[in-house]
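Comments concern the structure below.
Each chain gets a letter, A, B, C and D, in the order it is written, and its residues are counted from 1.
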Amino acid sequence: MITKTVTNAAEAVRDVVSDSVLMFGGFGLCGIPENCIQALLQKDLTGLTCISNNAGVDDFGIGLMLKKRMVKKMISSYVGENAEFERQLLSGELEVDLIPQGTLAERIRAGGAGIPAFFTPAGVGTEVAEGKEMREFDGKMYLMEKGLKADFAFVKAWKGDTAGNLIFKGTARNFNPMMATAGKITIAEVEELVPAGQLDPNHIHTPGIYVQRIFQGVDYEKRIEQRTVSKG
Amino acid sequence: MITKTVTNAAEAVRDVVSDSVLMFGGFGLCGIPENCIQALLQKDLTGLTCISNNAGVDDFGIGLMLKKRMVKKMISSYVGENAEFERQLLSGELEVDLIPQGTLAERIRAGGAGIPAFFTPAGVGTEVAEGKEMREFDGKMYLMEKGLKADFAFVKAWKGDTAGNLIFKGTARNFNPMMATAGKITIAEVEELVPAGQLDPNHIHTPGIYVQRIFQGVDYEKRIEQRTVSKG
Amino acid sequence: MLDKTQIAKRIAREVKNGQYINLGIGIPTLVANYIPENLEVVLQSENGLLGIGPFPTEDKIDPDLINAGKQTITMVKGSALFNSSDSFAMIRGGHVHLTILGAMEVSENGDIANWKIPGKMVKGMGGAMDLVASAENIIVAMQHCSKDGQSKLLKECSLPITGIKCVKKIVTDLAVLDVLPEGGFKLLERAPGVTVEEIVSKTEGKLLVEGEIPEMVFD
Amino acid sequence: MLDKTQIAKRIAREVKNGQYINLGIGIPTLVANYIPENLEVVLQSENGLLGIGPFPTEDKIDPDLINAGKQTITMVKGSALFNSSDSFAMIRGGHVHLTILGAMEVSENGDIANWKIPGKMVKGMGGAMDLVASAENIIVAMQHCSKDGQSKLLKECSLPITGIKCVKKIVTDLAVLDVLPEGGFKLLERAPGVTVEEIVSKTEGKLLVEGEIPEMVFD
């Protein structure tokens, strides 16, 4: 079995350079690669294109990269939780490509799966359709959307093994598995790293073939955006 | 939770009529819906279109439906194990649409996923490309292929629950999960049916939303096509 | 006039047995509290869950388990988890029967605008464009008028739209209305104390009023 | 002349550390037996497995665990299972580095024919068309000539083709050859006891012979 282990986040992100295209797993702050983001913040990077469903919050997640002006362009579906983001966008400091969430997810899957383009009904008749090819199938209109790849994909899993196999927990799975397939270099951080052979092959969500580097992360904060409780 | 349980295969296939389009999970004889096939054989059906990666063998699986002349058309990727199939095909009794295996898998996924068409490189320059739209993306040629659906999809899983959630075992997974998404009515037979709540939600391969009927199958033969052993 | 809770209660009556349902952020999330207990339905969360349960008690909070509004949640028995592309495959493929979401404007032909106010708000569309392009039945929960009294049920949407010809039913603080396949709002029910005349005066789009319009009753 | 085992042994020398490899039915399957033990490689089976192990002993046979040739197999430590669309996503996306498969004919520009003999054989292409359209490196294991002595390394394939301009290297019973990017076969090695003249006479397509052609050595 091929071994993918690296020591830590700093080693994992060693060759990320300015102007790269990066993907970050996560939905809101749930399932984001906290360790990799911290390691990237230690590097002197600018001009990054970040593909992530959300843009973090002002003081956590990708929000910290925005604050440090590392990001030239965001490709996201929803960025409503981040005031600094909105400021940079309205002032023209930040380019933003807003994409319907299902289209974003499918474009990333397509990128990883060698599918250069596909048709979807999402966005027909809206400004998302501007400049895109439209076509009718069985009486319904669709847009053509293209596959999306990245130089580096950063994903966060619950468990992983030295062969790069990943298992996610709860809704922290979200965009992570597709992004793992779409990075030229995919870097996985996990809460628990085990030797190859300890994970049930039937339970693996991301096969190790997609992961070039894996390490066990530390000090996960797992910040909650909307702490909502019932009285029980 | 919505309950999908039916008593047995006969009840599950009660409304399948002649000239329907059917999908059958399985790769060779591995992971095929044995109970549903047996129940269909008891019905007086003709003119069926069967979508299945293979066509069974002469005396097992879909081969039995071919022998009974229930099938008008097969849509498959590889049918080399079935002599009766080859005879019906060469004599013109059976229509056959042979499709590259990855294209077949992706067309079924697309059918279930509301994607009417996508582009793939498989088959470019071959007779598979005849009559299909070709297009270049980033210097490489691709074919446009369309989504595929069925009136009924028959799938076989290892474990299932009353909500229709399915877990597959080993390589018996194969085409079953995509086909589950592409049937107007999807019928799942499982080796072990448990109450909703007993399967770990993280381990489910096919969410119950795709399954309209589920039952615990009986008397699985699980015939092996190429019994290959090593001396140890 | 209905308050938010009453709008949610009224929408809950539209839910049918055996449905898979996606609830948007805000009032739609409240609908879950009023679905009759004798109905078997499953709530889908587009970030990757079928089978949303109630909010957790303090000791059951799990940061790895949130809904599409980023709220902490629980799972019911028989839940399934999946990734975002599988989630929208489910939505786009028409497997989710009913989508309930909020709107800033709806037009008489069923267009909906709910994702952007040019120059003011740039939050993004999230999953709304996929949902409205895909679900066979879409019910909108909204205020009938803006704070300054302008109708939000329009001939044409003034804001950037989220999807075209997709809304089937609207429940506002004033009324329940169908969007007719041929275009136009059809008034079905009035909120308690609200007259047909008021609804007519506050609906800019074409409004069809036929026969007696019943007043909603709440327990 | 090489026998099937020797063809497999020779191909095994092409395998590089860290590769994910798809082995076709027949001789390619044998290659697994001769990959040097110091290399870390993973074998992919397109029916849904990464990490094919040896054939099982009698007591370990599992009908739910087969390879693409329908043979019973085992899994190595660190294996992963997946469905057919995910498997071909992996193949189509270029994540599998090396594909080794059989052929009935190869042309001098790298076209391959291996799925159909019109009027005679209609087995289907299985996953071969996806594999040859996707892998960055494709090595073919084949006989140099048909049973009646006709060359199978041709100017153009006579049989329906499986994929165009895709084969990079060929190992036959007589020789090892590269397919040049600009077209033509380049002779690299001779089988023991086989002369360059014999290979030239048995190769219909354009053949490039430069300098001394070494004879293969087997332990």
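Just so we're on the same page, a contact is a pair of C-beta atoms (placed from the backbone, for glycine too) under 8 Å apart; a residue touches a chain by one contact, two chains touch by 3 or more.
Every value quoted in this text rests on a predicted model; they were computed, and no experiment measured them.
Enquirer: Going only between touching chains, how few steps reach chain D from chain C?
Expert: Tracing touching chains, the least step count from chain C to chain D comes to 2.
Enquirer: Hey, which chain ends up farthest from chain D, C-alpha centres compared?
Expert: So the farthest one, by centre of C-alpha atoms, is C.
Enquirer: Which whole number of Å gives the spacing of the CA centres of chain B and chain C?
Expert: Whole-Å distance between the two chain centres: 36.
Enquirer: What is the distance, in whole Å, between the centres of chain A and chain C, each centre taken as the mean of its C-alpha atoms?
Expert: 28
Enquirer: Report the inter-chain centroid distance for chain A and chain B in whole angstrom, where each centroid is the mean of the CA atoms.
Expert: 33
Enquirer: Please set out, as single numbers or ranges, the residues of chain B touching at least two other chains.
Expert: Residues 106, 109, 113-115, 120-121, 168-170, 202 of chain B each touch two or more of the other chains.
Enquirer: Which residues of chain D are in contact with two or more other chains?
Expert: 49, 81-82, 88-89, 91-92, 134
Enquirer: What are all the chain pairs that meet the touch criterion?
Expert: Between chains, contact exists in these pairs: A-B, A-C, A-D, B-C, B-D.
Enquirer: For the complex, give me every residue of chain D touching chain B.
Expert: Touch residues, chain D against chain B: 45-49, 54-58, 61-73, 81-85, 87-89, 91-92, 111, 119, 122-130, 133-134, 160-164.
Enquirer: Along chain B, where are the residues that touch chain C in the complex?
Expert: Touch residues, chain B against chain C: 1-3, 109, 111-115, 161-163, 165, 181, 195-197, 201-202, 204, 207-210.
Enquirer: Could you pull out which chain B residues touch chain A in their complex?
Expert: 106, 110, 113-121, 135, 137-138, 140, 142, 146, 167-170, 202-203
Enquirer: Can you tell me which positions in chain C touch chain B when the two form their complex?
Expert: Spelled out, the residues of chain C in touch with chain B are 18, 20, 40-42, 44, 49-51, 75-82, 86, 88-96, 134.
Enquirer: If you look only at chain A, which of its residues touch chain C in the complex?
Expert: For chain A paired with chain C, touching residues are 27-31, 53, 76-81, 86, 89-90, 96, 98, 100-106, 108-109, 120-128, 158, 168-178, 205, 222-232.
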